Amino acid sequence: MTDLARAHLQEQFDQPTQQKQAATLGMWQFLATEVLFFGVLFAAYTACRYRFADGFAEAARHTHVVFGSIETAVLLISSCGAALALRNVELGGRRVAAALLAGTAALGTVFLVLHGVEYASEYREGLVPGLRFDHAGPHARAVELFYCLYFLITGFHSLHVIIGVVLMTVMAVKAWRGRFGPGYATPLENAALYWHFVDIVWIFVYPMIYLVGRASA
Amino acid sequence: MSGTDINLSMEPSYLVSGGNTLWSWLTTHDHKRIAILYALGITFFFFLGGAAAVLVRLELATPAGDLLTAETYNKTFTFHGIVMVWFFLVPSIPTTLGNFLVPMMIGARDMAFPRLNLFSWYLYMAAGLFTIAMLLLGGVDTGWTFYTPFSTMFSNTHVILAAVGVFVVGFSSILTGINILVTVHSLRAKGMLWFRLPLFVWAMYATSIVMVLATPVLAMTLALIALERLAGIGIFDPALGGDPLLFQHFFWFYSHPAVYIMVLPAMGVASELITMGARQKIFGYRFMTWSMLAIAVIGFLVWGHHMFVAGQSMYASMVFSILSFVIAVPSAIKVFNWVGTLYKGHLDFHAPMLYGLGFVGLFMLGGLTGLFLAATALDVNLTDTYFVVSHFHYIMVGGSVMAYLGGIHYWWPKITGRLYSERLAKFAALLMFLGFNLTFFPQYLLGYEGMPRRYHEYLPKYQMLNVLSSAGASILAVSYLLPLAYLGWSLFRGARAGPNPFRATGLEWTTPSPPPAHNFTVPPVVTEGPYEYRP
Amino acid sequence: MIGFAPPQASSFAPRIDMLFNAMLVLCSIVALGVFVVMIWFCIKYRRGSPAERGQRESSNLTVELSWTLIPFLMFCGLFGWSLYLWDGLRTPPHDASTVYVVGKQWMWKIQHPGGQREIDQLHLPLGVPTRLVMTSQDVIHSFYVPAFRIKQDLLPGRYTQMWFTPTETGTFDLMCAEFCGTDHAAMRGEVVVMRPDDYARWMQSHAQVGLAERGEMLFRRFGCSGCHGSGATVHAPDLDGIYGTTVALTDGSVATVDDRYLHDSIMLPKSQVVAGYAPIMPSYENRIGEEDVLALLAYIKSTQQPGPHPTEPSHERH
Amino acid sequence: MSGSSPPSLRSQLGALAGLLLLLAATAGLAYVPMGAFNTVVALLISLAKTLLVMLIFMRLRSESAVVRLVAIAGFAWLAMLFLILMADYLTRVTLPPPY
């Protein structure tokens, strides 16, 4: 074990590996709770969609599928960036890792900006329940419910992206300053796990929000 | 049980080392000090919630709604529920005894994440502040269950504040759960195999699984309630196309397993108390561990038995009914094994043992009445009556509180290094058992007679039993205040306890009382299973 | 607990009590057994007692399995018995007479098929299977009659039902069992079960105008006729004889004028606007009760020429 | 991520390529009328993408059994919630309005 790992060893652990395993296990447990956090929203979505299948299809057709697809690609690429940064640190790299992490944070920001644009256009189209909603027709209620869930799910996800961008920026700075090395990168590993999780959530959000009812228009 | 002999050393105890300033306590990373911080908060909330219960029982002594207005009464029982469930029962054993003992029982120096441990205490206190603020601003009147659309569209009270309080305390609970799980996984001493863990550790492990996987659902659901009030989203609101039953599903997905968060730790404590009292191995150790894990998992599949008359599908009700019967099996196994542990023992009736035996009896009565509620046809009549109220108080107050106090008595010498008056403690335990039964047994009869719960005034025909119940509650209140007095006294005047006053097994008894900051001077090595008592 | 049981006043009560008592006996035997064994062990094996101890096993598979499987089988039996009763509770017979119940903070509004309306009282004939079709106007309530051993939640925005056959004459307590706000405890009433001839007399003396006539009254009182009546100046659809027809909507789709459509048009007029009309009608949601909507619908239906109905209006069967 | 050597660059970039391909597939297939199978296909593709991310980016392949169990547990518990919740919705008999 390197000195870097020894220096970070807390007194309740005997070995750096033991500490690292504990951190990884804890992080995965946290992610399991996050799965259930988002799971409630997904379950609510499923129950509502089961009850108002046509309304949800109609509502989903008003979402911006091009934006959604680009956002998905952006997140997938950023996830790969985080994974590569970790790999680079483990191989002893510093500058490349910092650059990759900064790039990851930048892609996260791009995602947020795109989403902001999307929200703005939904406001213009009158699809924001509570603020400005003037969709009419037999499915008006179901459409409103869909957009409630849409803003909840994407809003809650964006909150996670914001946290992730901050985390990635901090990690980029730390990596740049050489705080991580082949023997010790636990904070970076956990931050990367978090970022991948945010990516996974979006992988499910994308078809649920943007792709419903496209074939039957 | 440990290969090393008693770790008597000259190291200063955790109460002294690191200084004794307020600051040293508020910034401590020592799991034992954090346990004490938690104990202070939990005791405060227990008596706060207890005061609300006293008001409820006083009001119900007469049929007319004369002491409190209907609105105040509703706020009082809601406050009682919220405080007792989330600020006392859920954190009680895991954060105090669990925090103190899990690292010691597995032979570790501290929890895996000490800073996270302290942080979760701060979260708990912050949530407590929200709840106190909610009370001071006028309270909330939805019942602890927050049923929609009443809580979202009709109540004019501080639902959002209450929801935020519970949301935050939920995070505290999740973090405690993660901490315990990781600690048990990664910090066991040399030779501490999984099936050498004391049952208390297994209980904390099973509880933590439930905490980690159920609490997020509650947190998100309450966030949705708050958003529904704030922003008018309509997921649970029928007027906007939502479904109030969806709320009930989500709520009980947490809140039924939460019952097991409350009672599993109590089962763990009871196993320790009874083996110590019987001075022999637990009967059926593996069945005890597997039944706890089974309860933790099956506990997630029975939530719909709260909704038999709520309008859920009758087929879903059938599934929930049979699963609710099934989960009674592991509970039954545990009761029989505790009784089996007494067989051929050398029974010592210390105060902790009396609490342990009381727990078994009351838990069994609560569990058996649960069968009535699992049977759909009977539940139709009994649900939302005092039968239910009595049933869950038998489990939570008769079961969990009894075990919590038993545990406090058992490990008090270890935690404080002092002995309390054994005679007073035994008297309190007996008084509690009697007072409890007098309070809650009449409520079974009331429920069977058809008195609905959450009634501020009631028909005169129910008065006799209500008076009995209120009388029992006053005895119960005394029996809860007694330990506060004699344990408090022992802190200053109690005789010094040796490292192992109960001559019990377990790593926690191999270090001095109170233990040094890092628990063990020599890292312990474990060579045998728990409860190797030798007569 | 036999002495504490409320009277058995419905066909379910004796059967449910039988299951209850059976479980009570079973559980009492178990509880008593455990207590006796516990106390016996406590005395026999107290420290220093002369009892023979020998070597106790730390576990015994046969013992463990028997106290796992025996309770399990017992539970399966109880489940089956309860399921059988449950099925009966949930399946109303086809000839049951229907009474509508609307729950509202904090009162029970009852509407009989003949138009008789009561508040916090429900008069029923002895021995006639009765089905209650229930909804709530605000929060969740629960219709609970302990003497009948039945209970069912009333949900806003949805209908639930329950049924029973009263088997005793007399007055029985009716209570709300789901916490519904400040005066939850005051949301009580009574169910009066009468002999059929008394019941017929009661119905006679409380006969009110029929549902449709009341609807016509409400049609004027709520100001519906100001726009929808003949001779109104506001541009609004004429509702005479509209029931059962189809109308074209502004979004190009077509809707059949059925119960659901009419209900929604009153409560949520903006959701389906008929082509050629401006969406100017105010919503009556939270302004009129569900039982008034029932009457309005009955009136609108009554204006139509006799002919086949799309759905048989059940409350006009008499 | 215990002690194993860092993964190869190829595996990481390969995973990204796979993910982008699957993204294109799911977007394209959404426009092919398949009835209820549109949803099934979309969810299957999402599942495949999730597996790619978890196994390769999150390195679940080289993790210990406990970590893998925890990773599965979150989804398993969510499945329980979905399963029983939808069991209620799918078997609920809505009482027609009486008016």
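By letter and in written order, the chains are A, B, C and D; residue numbering begins at 1 in each of them.
Following the convention adopted for this analysis, a residue touches a chain if its C-beta (ideal position, glycine included) is under 8 Å from a C-beta of that chain, and two chains touch if they have at least 3 such contacts.
Quantities reported herein were computed from a predicted structural model and do not represent experimental measurements.
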item: Common touching chains of chain D and chain A; value: B, C
item: Chain A-chain B separation of Cα centroids, rounded to whole Å; value: 35
item: Distance between chain centroids, defined by C-alpha means - chain A, chain C (Å); value: 45
item: Chain C residues counted as touching two or more neighbouring chains; value: 158, 160
item: Sequence positions of chain A contacting 2 or more other chains; value: 21, 25, 29, 32-34, 36, 39-40, 43, 47, 51, 141
item: Interface hub residues of chain D, defined as touching at least two other chains; value: 66, 73-74, 77, 81, 85, 89-90
item: Touch-based graph of the chains, sorted into line, ring, star, complete or other; value: complete
item: Footprint of chain D on chain A - complex, ascending; value: 17, 20-21, 24-25, 28-29, 31-36, 39-40, 42-43, 46-47, 50-51, 65, 69, 72-73, 76-77, 79-80, 82-84, 86-87, 90-91, 189, 192-193, 196-197, 199-200, 203-204, 206-208, 211-212, 214-216
item: Chain A to chain C touching residues, read off their complex; value: 136-138, 140-141
item: Touching residues on chain D, where the partner in the complex is chain C; value: 94-99
item: Footprint of chain D on chain B - complex, ascending; value: 185, 213, 217, 245-246, 249, 253, 300-301, 303-304, 312-316, 319-320
item: List of chain B residues in touch with chain A within their complex; value: 103, 108-114, 174, 177-179, 181-182, 185-187, 212-217, 219-221, 224, 227, 231-235, 240-243, 246, 250, 518
